[in-house]
Amino acid sequence: MQTVLQAYEARPRHTVRNVLVASVILFLTIWSSDVINYPGLSDNGIEIARNIFRALYNPTWSLVFSLGVDGIPFLMFETLGIAFLGTLLGALLSVPFAFLTARNIVGKFNIIGNTVITTIRSFPFFLMALMFVRVSGPGAMTGVLTIGVLSIGMISKLYIEVIEDIDPGILMSLDALGATKYQKIRYGIIPQLTASILSVVIYRFEINVKNATVLGIVGAGGIGVTLLTAMTAGRWRDASAALWGIIIVVLVVDYFSTKLRRRLVNG
Amino acid sequence: MIEFQNVSKTYPNGVEALKNISLTIEPGEFVAIIGLSGAGKSTLIKLVNKMIDVTEGNIKVNDLNIPDLKGKELRQYRRKVGMVFQSFNLINRTSVINNVLAARVPDMNPFLSLFGIFTKSDKMMALESLHKVGILEKAYIRADQLSGGQQQRVALARTLAQNPTLILADEPVASLDPITANQIMSDFERINQTEKITILVNMHHVDLALKYASRVIGINKGEIVYDGGTDDVTEDILKTIYGRELTDEDIMFKDK
Amino acid sequence: MKTLCSKISNFIKDLIKRNQRYRTSELSDGTNITRPFSYAIVIFSLVLIVFIYFWNMIITDFFNRFGFSFFVSRVPNFFTIIQKMVVQVNWSYFSNVVSPLVDTIQISIIGTLVGSLLALPVAILASQNIMGKSYIPGITKFFLSIIRTFPTLVYALIFSFIFGYGTFIGVLATVIFTFSIVTKMLYEIIEAIDMGAFIAIEATGATKLQAFRAAVMPQIIGRYYSIILYNFEINLRASAILGFVNAGGIGIIMNDQMALQKYGNVAVIVLALLIVVIIVQNLSQYLRRRLS
C-alpha cells in the first residue's frame, strides 16, 4: 500500500503530449494571423455601415409585400423552388452513382466512384454555377442544375451507406418464401430505407435553401440576385428587404425540417 | 448544530412532504432518518443544504438562517456541507482523483480552475481523502471503471476534500449490494468518529441504520414519529414509523 | 346557408366513416381490426402539388423562353468545359495558386478557431439545463437562429462594402458563420448530458461556471474538438468562394481565370484545392476517430 506521497510522485504525466499539441495549435494560429490585416474602412465605410444598420429595421416595405416578379415573396418562392427541384434532381442523379460505388455491388472498383463523388463534393460550388451559366444562362434554371449536381455528393454517400448496410437477414427470409428479385427490393429493401432517405433529403433541402440564396450572388437566380444588385447600387433598404426575406424563409424551413426529421426518427 | 423550527414543505404539485417538523442535531452526532419511501426523508435532507426551499418555518445551522442564504453566502455555507447521493453522481469520463479535485474548485484561483491546473497541496489533499476511504491505489483510474461501492467511496472522498463540518447522505447505499453497503456505512461511522464530522443519513434499510447510527429519527407521512437513541428502538416503534409490519425491502441482511 | 353547412359536414363525416371501413378488416372469428390512418398518401400528394407548382414556375418558364432544343444544344458546353479543363491543364500556373491557396487555408484556420472559442460561452448561456429557471436561453437561441440563416458569403458581401478589399472580411465572415453553427451544435450536446455530476458539484458550493468546468466539460470536450475539425472542413470549402466578393483567397483567381476562359488554369486551381481538401478530410477523420 503506497503512502500518499508515493502516490503523488507516481502520478501519470502527459506533459510531452500536451505541450506538443498546444505548440502545434499555437503555431498554426500565429502563422495564419497575417491574414487578419485590417484594411481600414472603405471610403464612406462608417457611413455605409450606419446606413446598412438603419436599413435593417426599415426595409423597402413595398418590395416586401409586392406580389410582382420583383417582389420579395416571389423571389423567395423562386429560391425555394430552386432548392426543391435541385434537391429532387440530386436525389435522382445520386441513384446510379450510389449503385456504381457500393462495395457490395462493384467490389474493389468502388474506388473510382469514391473519387468521383469526393471530387464533386470538394468542387467549389460557385465554379459549378459559372459552368452551368454557359449552358442555361443566368437564371433559376442554372440554379436548379447546380444544386442538383452538388447534392449528389451528400445524397449518394447516404445511398451507399444504406445499400451497404442492408440487413441480409430480411432478404434471406424473403428468399425463403420464394420472392422474386423485384419483390425483394420492394418489400425487403425499400421499407428499411425510406425513413433515413427522407431524413437526409430533407436535411439536404435545408442546406440547399441556404445555398440557393447565395447562388443568386453568382448569377443563378433567386433572391441572391436582388441582394447583390441592391447592395452594389447602394440601395440599402432594398437589400435589407432581401435579407429579411431570407431570414424568414430560412427560419420557417429550418423549423419544419427539424420537426419533420424528428418525427421520422421517432417513427 | 442543526435546528429545524416548525418546518413545513409543500411541493408545487400539492404534495405535503413535511408537516411542522422541529428537531435539533448536535455537532458530532451520527443520525439516521428512516421511514417509508415518500415519507419525507429525502426532502428533509435536501432542505439542510438548500437544494430545496422551505415553505414555512426556519432552519438554523450554527446560527445561520438557511432560507435567507443566497449567492456567495450560500456557496460559502455549502463548502462546509458535503453531500453523498444514491447514484454517486461522479464525473464518469475522468479519473478518480479529478473527481475529488473537483471539490477543491470553488476554493481555487478562478483562472487556474478554468484550465484545470491544481497545486501540489490540492493534489496531496485529494490523495489524502482517497486514502482515508481506503482506495488510494485507484486514484488515477477512470471513475466509471470502478465498482459501485468503490464509486461511492470516491464520492465520499470528494466530500472529505471539502473539509466539511457536516456530511449529508441521501440513500447512499440503496444501489449497493449488502456487503458493500456494510463497508460504506462503516466508513461513515469511522469518519464520524475520527474526523468528528456530523453525519445525517437517510436510508430505508432499517437494520443498517440501527447498526451504525447512534440516533434515529423516524418519519411517517411528513411527521416525526420517533426521535431517540438506536438502542431504544423496539419493533412496535418501527411499526409506528412504517405504519405496517416490516417487509424484506426494509432490511438489508435478509437472514437476520 | 345552414343546410349547406350541415350538408358539407355530413359529407365529410361520411368520407371519414367510409375511410375507416376501408381500413378495417374483419377476421374469421368476428374481431375487427383497423389499421391506422396513413399520412403517406396525404404527404405524397402535397409534395406532388408543390413539385408541379415549382416545375411550372421555373422549368416550364425557362423552356418557354429559350426552347427545349436550344437547351439541349447547350448542354455539351458543360462537358466541353470539363474536357478543356482536363486536356489543357496548365501546370505552370501552379506558382500563382500557392499564395491565394495559403490565404484560403489561413482564413479557415483563424475563422474556425475564433468562431469556435467564442461559441462555447454563448452555448452555455443558451443551455436551459445549466442556466436553470432563466429566460436567457430562450432569447439567446432566438438570436442565434437569426444569425444562422446567413451563409458565410452573405456576411462577406455585406462586409465588403464596409471594410474594403482583403482577407480580413473573409475572416470576419467565417468567424460569424462558424460561431452560429458551433453554438447550436454545442448547446444541443450540453442539453443532453447527464446532470448528476453537475448537481453534485454545485452542492459543494461551486458557482454554475465552476460546476460546468468541473462536471460538464470532461463530458463534452471530445465532441467539441470533433466539431471544430468538422467546421474547419466546411470553412475550407466555403472560403474558396469568398473570393467572389473580394474577400480574399483562392476564389479571386478562380473567378478571374473563369472569366478569361482560361480553363487550363482553372483546372490547376481546382486540383490544388481538391488536394488540400482531401488531405484535410483524411487528417480530420483520423483525429476525430482518436478523439472518441
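To keep things simple, chains are lettered A, B and C as they appear, and every chain counts its residues starting from 1.
What we mean here is this: a residue touches a chain if its C-beta (ideal position, glycine included) is under 8 Å from a C-beta of that chain, and two chains touch if they have at least 3 such contacts.
Predicted model only: the values in this text are computed from it and were never measured.
Asker: Can you check which chain pair, B-C or A-B, has more C-beta pairs in contact?
Answerer: The greater number of contacts lies at B-C.
Asker: Tell me which chain's centre, taken as the mean of its C-alpha atoms, is farthest from chain C.
Answerer: Centre of mass proxy via C-alpha means gives B as farthest from chain C.
Asker: By C-alpha centroids, what is the most central chain here?
Answerer: So the chain nearest the centre of the shown protein is C.
Asker: Nearest whole angstrom, what separates the Cα centre of chain A from the Cα centre of chain C?
Answerer: 4
Asker: Starting from the mean Cα coordinates of chain B and chain C, work out the distance between those two points in Å.
Answerer: Roughly 48 Å separates the two chain centres.
Asker: Distance from the CA centroid of chain A to that of chain B, rounded to the nearest Å?
Answerer: Chain A and chain B have C-alpha centres separated by 52 Å.
Asker: In the complex, go through chain B and note every residue touching chain A.
Answerer: By the definition above, chain B touches chain A via 97, 120, 123-124, 127-128, 131, 136-137, 139-140.
Asker: Within their complex, state which residues of chain A touch chain B.
Answerer: Residue list for chain A touching chain B: 1-2, 4-5, 7-8, 11-12.
Asker: Give the list of chain C residues in touch with chain B in this complex.
Answerer: The contact residues of chain C facing chain B are 194, 196-197, 199-201, 203-207, 210, 213-215, 218-219.
Asker: Flag every residue of chain B that touches chain C in the complex, lowest number first.
Answerer: It comes out as residues 49, 51, 74-83, 85, 87-94, 98, 102-103, 105-106, 110, 113-114, 116, 155, 158-159, 162.
Asker: Enumerate the contact residues on chain A facing chain C in the complex.
Answerer: Touch list, chain A to chain C: 25, 28-29, 31-43, 45, 48-49, 52, 77-78, 80-82, 84-85, 88, 118-119, 122-127, 130-132, 134-137, 139-141, 144, 210-211, 213-214, 217-218, 227-228, 231, 243, 246-247, 250-251, 254.
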